[in-house]
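Before anything else, here is the set of structures, which you'll find just below.
Paired with chain B in one complex and with chain C in the other, chain A is shared by the two complexes that follow.
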Partner chain A sequence: MEEIKSTIIQRIKTHFSDATEKEYPYNRVDFSVKKETIPAILFYLKDEMGFKHLSHISCIDWLEENEFEVVFIVWSPTDKIKVFVHTRVDRENPVMDNVDMIWRQANTYEREMREMFGIQFTGLEAPEEFLLEDWEGPPPMRRDFDTEAYATNTYWERPGREDAKDIRETIEKRSGEILPDFAKKYTR
Partner chain B sequence: MREKATTLYIGPQHPGITGNMMVRVKVEGDTIVKATTEVGYLHRSFEKLIEKRNWLQSFTLLCRFCVPEPDPVEESYARAVELLEGREVPERAKYIRVLVLELARIASYLLWYGGQSASLGLYTIGQWSVGDRNYILDLFEELTGGRVYHMYIWPGGVRRDLPKGFENKVLKTMDYLEKRLDDYDDLMFDNTIFRKRTQGVGIIDKEKAVEWGVVGPPLRGCGIRSDIRIDDPYEVYNKLDFVVPVEEGGDIWARALVRRQEIRQSIRIIRQVLDNIPAGKYYNKIPNPQKWALPKGDAYTRTEAVRGEVGMYVVSDGGTHPRRAHFRGAAYVHAITLLENLLVGENISDIAAIMNSLGTCPPEIER
Partner chain C sequence: MMINDKNSQKIVDIIQNYARKHSLWILAYGTGCGAIEIPPTMTSRYDAERLGVRGAATPRQADVLLITGYLTTKTLKRVIRVYEQMQDPKYVIGFGSCTINGGMYWDSYNTIKALDRYLPVDVFINGCMPRPEAVLAGFAKLQELIQAGKADGARKYKENLEWYRANQKKVIPNWRMPEYNW
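Now for the complex of A and B:
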């Protein structure tokens, strides 16, 4: 296992000068590269080194560093090793290359990242909407998206419910029914 | 004269899947020429909610990622948290986890028996298998307190030890199920309708299967021996003796045969677990969850569920809350890019059967 891992690191470092590696125990190897290198390194991993299976693509919003981190996790069915490829994308201008020509299922992950984080993938051909319908707010999975403030400002109470902040009081008022004591305990 | 293509909307409610998802198909006659998956009926933003909770509170959400089989999600998250912290899990807890995962696998396959046959109009099988699944849910109720959602596997081990006499109850249920499976063979696999409707339908290309992201029983139905329990072993699967069944053909029939054999392998695993389970602690206590901060880093864990590979990517920024917990479901790939390509050229009446054979589970697509 350790031999295969060091071969992988060596081959990647000779082909991609900007790749920095980080070793983990057992069957995991991590590389960090510039975002421009992503399609090339993924092509190389898949076609030359047997990492045929795309296991996952994830995105993390590092708000304090003003960057998004995009992680590609690939798995080699022959060597039984998983490789993580990390890259950073500027938060102000989040644009990176589309990789769905390498694995077509990457298309779905990219659609979700475009919608949830606002990352634009150049050349991505897919319908604009994925999970959210008629969404006009900022991308909701960003760390600075305030869920509660957005809900308060965007949605409104159903007409007729203005007086009905607490349903128990409304029942009492409208029907004249007297509430038992245990129910009153929870009344605001 | 050429027939004009018509657009049909299959879903969001239909017998092919558990949950809400629509497939928009363009048909000429009754042959599909284009299929597009439309999701968005079930998005509950679990991953955003998890970021607002501490490391332990997210378990109430995790089990709702996929209703028919929630335990692999809990297990992969718990294991990712343990990896991040470097926390050891007692040996007994690992065995109990395998027991729970395999019971959940059988329960989920029994539900699949019902779904797969009902999608072809054979309703009796579903009545039987859901009834038999209840015996496993009874076991879960006794072990965890919940029938469907368990929240039982958590960081550091499992929540409770096995109740007194539980092993015997499990063994009795397994003996019953093993005999019962022959009845299912008579009713389902020897059934001419089932054979004719599944053989040669929904064929996945073996050469392309790995690249296309096919995992689990659909991949093994293409003749490729791939199982995370063997390839990337977790818990105590490397100490257990079981076979990964493989079938050639890549059609619905091959996938069904793989699942049929896997139930028997799960029963075999459960018997081994009960024979070899060591005594001792079942839980390594975690600190006060309100103040429990994990070291900075990331972890990705994968678990073999009935739908295929499920995974959890967890990132910590050194705080008491997850920075990100991103779930990877098998259906995320199966039900969108794979299904859209697989349906082209098939008959409208086979849509539900194909979707079911891929293990489509919309809640894990949208989360």
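Now for the complex of A and C:
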């Protein structure tokens, strides 16, 4: 395992000069690269090193650093090792290369990220709408989107839950049911 | 059935309501997490068919629309269409705290928080999620209401259609829906 991991790190580092690695225990290796390198490194991992399976693409919003972090997780069924490829994208102008010609299922993840974070993938061919319908607000998974304020303004809320009281006391009063003592301990 | 004589109308109503309350066909349509409680309710352990509750494949055949949990605005659109296609008599059961006051999705950006603003609800079943016993209790309550002639959500919807429509259009900005005339 350790040998395979160090060969992977060596091969990636000789091929991609901008890759910095971070090692994790067990079967995980992380690389951080510039966003321009992403298609090349994924092609290399898939075709040359046997990382045939794309497990996941996820996105992290680093609001304070004004960047998005996109993480590609690939898995090698022969070596039983997973590689995480991290990259950073500018938050003001989030444009990235589309990679759905490497794995077709990347298309779905990219559509989701486009809708939820507003990251544009150049050359991505897919309808604009994915999960949300008629959405007019900003991308909802961005951290500066105030979900609670949006929900309060858009959807009518039934009064009565603001105080976050335990309803068991109310039920006790109404129905005459007697709460056991241990239950009272947990009431707020 | 409408009869001119008042007393015979009463008798007809009683018979009609009795028949209706014993054949509640629910639409096989599940939203949210609560739909997972329907199979145990229908199958041998709790056997809802004792009460005349069974599944129906299409909205036209169904009497009861179960809203089994949170509704996103996207689903709400479909649910409204389904409800409007159903034929009288029709009833709505709101299922779980999500339909009552938003439940644990109270601060979600795309789920509605009170179902009865958008559709007339005859019975609410609380719980997150309600167990099959609670579901059966809800059906029993609905039967009671039907027998008493009080389950009149569909009439309420027809009479206050404007109010419901205004609420629906508030959360569904792009309203491209057929108008059904019952």
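Simple rule for what comes next: the second predicted complex is superposed on the first by the 151 of 188 C-alpha atoms of A that agree within 3 Å, B and C clash if a C-alpha of one lies under 4 Å from a C-alpha of the other, contacts with A are read in each partner's own complex, and residues count from 1 in each chain.
The rule we apply is simple: contacts are C-beta pairs under 8 Å (C-beta built on N, C-alpha and C of every residue); 3 or more make two chains touch, one makes a residue touch a chain.
Quantities reported herein were computed from a predicted structural model and do not represent experimental measurements.
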{"item": "Touching partner for A:Thr14 - first (chain B), second (chain C), both, neither", "value": "neither"}
{"item": "Touched partner set for A:Asn107, first chain B, second chain C, both or neither", "value": "first"}
{"item": "Partner chain(s) touched by A:Ile60 [first = chain B, second = chain C, both, neither]", "value": "first"}
{"item": "Contacts of A:Tyr155 with chain B and chain C, given as first, second, both or neither", "value": "second"}
{"item": "Partner chain in contact with A:Thr147 - chain B first, chain C second, else both or neither", "value": "both"}
{"item": "Which of chain B and chain C A:Asn27 touches, first, second, both or neither", "value": "first"}
{"item": "Larger contact residue set on chain A - chain B or chain C", "value": "B"}
{"item": "Which of chain B and chain C A:Glu136 touches, first, second, both or neither", "value": "second"}
{"item": "First (chain B), second (chain C), both or neither touched by A:Ser175", "value": "neither"}
{"item": "Chain B and chain C contact sites that coincide on chain A, given as residue numbers", "value": "131-133, 140, 147"}
{"item": "Chain A contact footprint on chain B (complex, rising order)", "value": "39-40, 43, 45, 47-48, 51-52, 210-213, 215, 226, 231-232, 298, 300, 302, 309, 311, 313, 315, 323-324, 326, 328, 332-333, 336-338, 366"}
{"item": "Complex contacts: residues of chain A adjacent to chain C", "value": "131-137, 140, 145, 147-148, 150-152, 154-158, 160-161"}
{"item": "Residues of chain A touching chain B in the complex", "value": "27-28, 46, 52-56, 58-61, 71, 73, 75, 77, 80, 82, 84, 103-105, 107-109, 129-133, 140-141, 143, 147"}
{"item": "Sites on chain C touched by chain A in the complex", "value": "73-74, 77, 100-102, 106-114, 117, 167, 170-174"}
